[in-house]
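After this come two complexes, each holding chain A, first together with chain B and then together with chain C.
Presenting the complex of A and B:
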């Protein structure tokens, strides 16, 4: 699925790196106690389109996993580094609404089909041929709450009941009538978008706050990447989320659930831009081991590694850059040239790279190494360096000028410039190019021992690869050494904290939140960089619920 | 080599779409064909002293080939379904009642005049005893060894018998005699005809040397080393024609049959009809010696791949146990290369190494997941020169992985060694050395391999066998496996006109060529060479082997010879 790229915001272009460095360079120090949460006015409420995954998960959670969901989904939109932010800008095109309508009819037909439909409606019908208003009301109230993630208003119930009545009269079938009503709910913006409404905050005159159901939705999609379940909706309805103890209890429940791993996977898939695996191709004449399945396996390996470290073992986030523990299947064993055991056949086996093995940290795993959709036949140190800067360190790199000549860089068979380092060094002779390349290339060149699909190599065109460089004046001899430097850099932890907050609220941070971000970073350090703790801090914070008063004016 | 249309999964067999198409297009075997028996069997006629000098069946009459015209059909494909190759099938003879047995007697046999006299006078014989090897009577698609409960030789009483026909064919090396009997009694086999599960020996491996470096490979190609260039075979062998079919018929009979077959497309190869071109409609694909040798084209070359099996370059007197034969030169200049099978099969299109479609088909089936053959070299101290390493051959049912285009088998995959007896029976370990990057193993008395149901053959049995493999710079292996095969087993693989049609050769030509070319394993009783030198091209890419079987202590009875083929 192609990604619709959002242009660089004017306020970031040219000074993006400096701004990002300022935001990300706060160094609270390990274990420094976090103070009270600073007050923040928050940002605007959002109106986020459900992603394809979230749509599918919603249907599965509400109606069961056996429902087939047809049709194409609109392409996602990445903005300010996250799809979650892009969801706030995404619209539904006319052809998109046609697909949603198709899906709505197909889903409704499956939901209200077969013998299950009689138990599903939750009432005894006099006759299936006549309209039963109380039954219809109960049905739409129940499922409408789950779909809209809040109770339906009286007028909303009345409207959908009328649709069902009319359809029943025309078809002579009550279940058909319900199908039409359910279809109506499934194409409603209240289902397809996460509509956030704000209310006055009794604890603050500077900001509004999300209402309880909007907060429940934010919590659920942050922690589970799924709509709120009945328990969370009930907590919202009872006002439990307004009390610190109630909110903490629900957040803890969500984090303790096995479904939390899904939420973590969804966040890192977004942060690491794994949507770019869709349609990723490599030149198979150069890389015969590359297949679509290999790319899927690489993605899965990376996410399993993340979940294992951060959730299962509640490890230090920074260790993602240095860990030798991962998971392999048979295909990946071939890519890494290591033997695998029984569990890897048809499944996954835990694997720890040996001390002399050159793999350690996510920058040496295939997912990161192959995820460059712009180069099918070679690795690109510039792109890899840019990816590290932007995705792991939250440092914006401006796009290249429009008149750059890439011929030298792309000529991988040039005997004068055998390695990527040689080619880029020549390319950087152009002063217009040197500025950005000096930021990206040293990082990317450290990763040149891994080719475009992640296979380890020591030479390129019979020339030994030099992976040395320096980062923030600290020298390294290869990417494993670089990862250790990144491990200790405040930019690494500050970036993930910032990204998580933006992911949760669905918008970029605003300048007024600078102090709050510092607080978040301090808390993260005090929690020894445990990711579930970071999630908890964000979810239970006042900032997560705060809505700036501008929202009403702009809406 | 039969191609099989099968829809059943059998110990890892998966038929690719391409394989089904090829098999369907070729449709080699109908459901009801028996196989020819090539090799000695024995007949006892009370009052007649035979010519067999051996200990067993001494003074019985030696029979050089036989078939049971109305014997039990062995379904191998077509609509007959696929039979289990891990069965040791029972006799194909009738279990009871009247029938016939066609025997072929060498024209040099001193007993032949007496037999012919009985035939011409239609002498009735109250009782004859006939004995045939149970190993030779199996189809060549079966694997495993003979279980102890099955006798080494099936013995029968043929009751109220007569030699009902003995057509004279000048220039044929053997005389056909049709033995008619009114009843048959099996003397030492009462089990079901389909047989019982073959015996699979547990792996008998010499312990692998501990530590040091191991290199493992999966074989991406194994097929007879019979590549030829076009100029080496100016004339390829060809299948029989209708002229051959009508040769021994009277003009009237031929005219009548031509008329009958005109509406059916002529003589049918696939259902075996073309094989009935001997005198009196005898089946020459099952008794190939009863018609004159039509000849066999051979490659015109002095070069071949293989090993020097006999330590002789072909000059002077051959060593003990060896029959004089043509020696070849290898591409790298080594003399004394023994590969007589290349001489026999090199100008048969289907068998021409990498070009031969049956070789390609067999290997493609392995590439598509039928089975994977693994080769492991252990005990390596120096990959260029090492005077002691071990080489083991294992099997896996894990499929090879292919590139997305399908054109390449991918290296570095892990394969699990199977514990199925049908494969562990074939595990083997050889000892060798590495000299300038070339692995050379010491010969072993017997080496057997399971090349899979489409293999060439399914069950490869080699004597005095060894490997010579280059460890290439890109980490692969490439070389040959060489040794002697029993030529009679090879001859009995192609007992059908369907095979003649597909592979373009004639069974009598192949039979006589194999017999002439046999150059090893001289039988002390007959003085004939029973073995023919052969070589297989082997190519492999790096792989990992998971849970190689633990090294069992060396079993001395690993030298117990698989009796089939002897």
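Presenting the complex of A and C:
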């Protein structure tokens, strides 16, 4: 249902002021404060499978970074542009459980091993051979709360304690008993999935709201890509997150934490589809510089650039498309033809490309340029154009139709069609193809000055590459000029705001949230497109917490 | 009867062929007089597998002309000629969309595997509207073995799998031979032929852990929305299956004399370069074959590559999939020579799998004879994304319940008829199968032995 039909924000209505609709349609200009948050009916509570990174981070946060995590994780699932939406659809298969069970055993064996185990359990044992129920109860209540991201119910503690008791009796070893109990927590769906529960919202008749612990979990995964820490769980338990000031204080604490950079990296890794680096290969006989290490360094370079601009310097998101500042190590120095004088091999140094250097903005960094798992021996302007449209501008490109005759796209040795532009122009003459290729190819062709691993070039097959084109009716001569147009396009900033919100709530936006997204965009503009501010707006919003009543279980 | 061979001739034959590890033949004394069951009375189990390759075929060079027995073998099918009498070739069985979209490199495989055209996806991934055939079969015959099924992919990508419960999640593939080896033959493996059996008491505790998790079911079902209940349910189904798997490890395994514990393979290179993928296929495939012979699983799925195949020759700029769309047709030959390289090589790889299965002697036949292996691709002619007359083969005889050596023309009927027939041959009480235009109640009676 469109938000306008819901009428009036309760607080505004109570004050007899303008409706939220009118305030928002006033569209404040750049720098002007946005109006009050429009009411949304929310979306479904989600049931999200922890990603591999989130699982690993949970174990590291709760039990320390020294714990080895064995086994294969189930492949992630991308839906509607994000893995974090796919997490809301993913299931755990029988072979997945096999791996989780193996991990659970090996992790608990490490946690409760050696001398550390005696301090870990936090109680004095009479004998390590007999079962100490109060000790076990405390242990599982403490770690259960961290793993389930909420306090355990009495029945839940009892269920785990029972496992530990019988395992202690059978093995004659209390620590072994605790290991089985901890395994029990680690294979639990309440750990492996983020279970969101909702409650009535006293401020709204339109929606329910997440309960405090589910909100704490959404917040910490949004801002840290990690489970809530003790402080945040305490804030949830005390009701602090229900008060505006309490919520703001916690969100600010999370943003000010060193872990925030990790959260920003996680978001951009998802938005830019960096999971595709896993298994990415290029043909080394065509690209001798390409190695697994180069691809890892390219990914790292891009994420360091993002974090430096958006977090360290609290910069403007749009400048990602134009920034000359980046980081290089020796491997990448060879790719960018820049000498890297760094004492430690593999060390990173900040680097600013010169004004005449053809590198500026993320579209000219190796990560973007090489990240095409479908082409290992050459660049594909179509895929690159599609990537820009879909990932940076949130525009959907339809799949190619069936029964297309591809005869016109000729091999690279045809003298008539020496450059990708020649070949694709021929292809676009086919009306069945033209519809989509005219959307993707011009952007991709602007990037043809960089080969499939990101090396700059001016020619292909001895013909000069023409990287010119136009975007939104504005002409450009090359990708650097295109990036400037993208920098100023509202599609760029609207896209990242929409994606961030979807990333946080784990589902695509619903039509009724259109007005809310406009509000978010206005806030983003008023905050000079500073990314941490955008995250703060999302995290502290009512929409972030709102749950639609019709999608929940009837209980 | 098992009289025409002996252990020496089998071993000699093996050494003459490629260097693959095979099980030694089952000694006659273990078998009943008919050679179809162990003397203990346990019948030799029937196995089911799927073998997938991407980007289809050239119909004129692949499908036989002659229908029925003694069919002709054309160039692209030549690698399977030695197994002609153990294979049926199916032509004219279609993916019938019935108004649903043709999702390129996705609809065709889901139609055959699930009996339903998918609504979302393309380029080798998407949704399954119903469980894939292997899941249905493993529900019926897989519960008695340690793994309900085992999946492998040969290009290093765990997400490449065509085994799915309804939804979007694939049953992920093993891609690394060392990991697969350790999963099957590592600490949980119990040699079925070991004289002594001593169950590990820790297994019961592991079972109690999983059993205890079920305490969380009711509360969880109540706290998630209707759509997510199915996902909660899948989680608990997986838990139950794992419990059963552990339960089997507490029982003395039935003897499986064709079972010979393979050696741990060396680490192999992974990736979509043809030679590398083929090597992965053979090493992973041999581990699967021995897992079947050792009763560790009865169901397997092999994906040579993703449907929009990224296989390529070393040093080549373009992949098989790109070639199908971009390579000109050679006017003299009448086909795309570079693309056809991969089509022919795919059949060689399938023949390699058949040779591994057929090399394991069981009773009076081979492991292949006690199996049904469905081999298929997502396209007929990938260049045009055509999904009429999908290339389909079924190898093996399901222990005599399936008649092989035939070429059968479906005359445009849905490819789900093959899946329905397989289920019936495996003894599953299924009268009709498939959804909408793919629904069928007509098994292919020519191949069923009653």
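Everything that follows uses one rule, which is that the second predicted complex is superposed on the first by the 513 of 555 C-alpha atoms of A that agree within 3 Å, B and C clash if a C-alpha of one lies under 4 Å from a C-alpha of the other, contacts with A are read in each partner's own complex, and residues count from 1 in each chain.
What we mean here is this: contacts are C-beta pairs under 8 Å (C-beta built on N, C-alpha and C of every residue); 3 or more make two chains touch, one makes a residue touch a chain.
On a predicted model such as this, the values are computed, not experimentally measured, just so you know.
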After lining both complexes up on chain A, report clash or fit for chain B versus chain C.
fit
Is it chain B or chain C that touches the larger share of residues in chain A?
C
Which holds for A:235: it touches chain B only (first), chain C only (second), both, or neither?
neither
Which partner chains sit in contact with A:360 here, chain B, chain C, both or neither? Use first/second/both/neither.
neither
Go through the superposed model and pick first if A:289 touches only chain B, second if only chain C, both, or neither.
first
Under the stated touch criterion, which partner chain does A:393 make contact with: chain B (first), chain C (second), both, or neither?
neither
Considering only the touch criterion stated at the top, classify A:339 as touching first (chain B), second (chain C), both, or neither.
first
With the two structures laid over each other on chain A, which partner does A:226 touch: chain B (first), chain C (second), both, or neither?
neither
To be precise, I mean the smallest distance between any C-alpha of chain B and any C-alpha of chain C in the superposed model; what is it in Å?
11
Chain A residues touching chain B - in the complex, by the definition given at the top:
284, 288-292, 330-331, 333-335, 337-342, 344-345
Contact footprint of chain A on chain C as seen in their complex
102-104, 122-123, 147-148, 151, 156-159, 165, 167-172, 174, 179, 183, 201, 204-206, 208-210, 212-213, 215-216, 219-229, 231-232, 234-239, 241-242, 245, 270-272, 308, 310, 312, 314-319, 321-322, 325-329, 383-387
Residues of chain B touching chain A in their complex?
398, 401, 403-405, 408, 410-414, 416, 544-546
Note which residues of chain A are touching chain C in the complex, please.
44-47, 72, 74-75, 77, 79, 86, 89-98, 101, 104-105, 153, 155-156, 159-160, 162-163, 166-167, 170-171, 180, 183-184, 187-190, 192-193, 195, 197, 279, 281, 283, 285-286, 373-378, 399-400, 402-407, 409-412, 551-553, 555
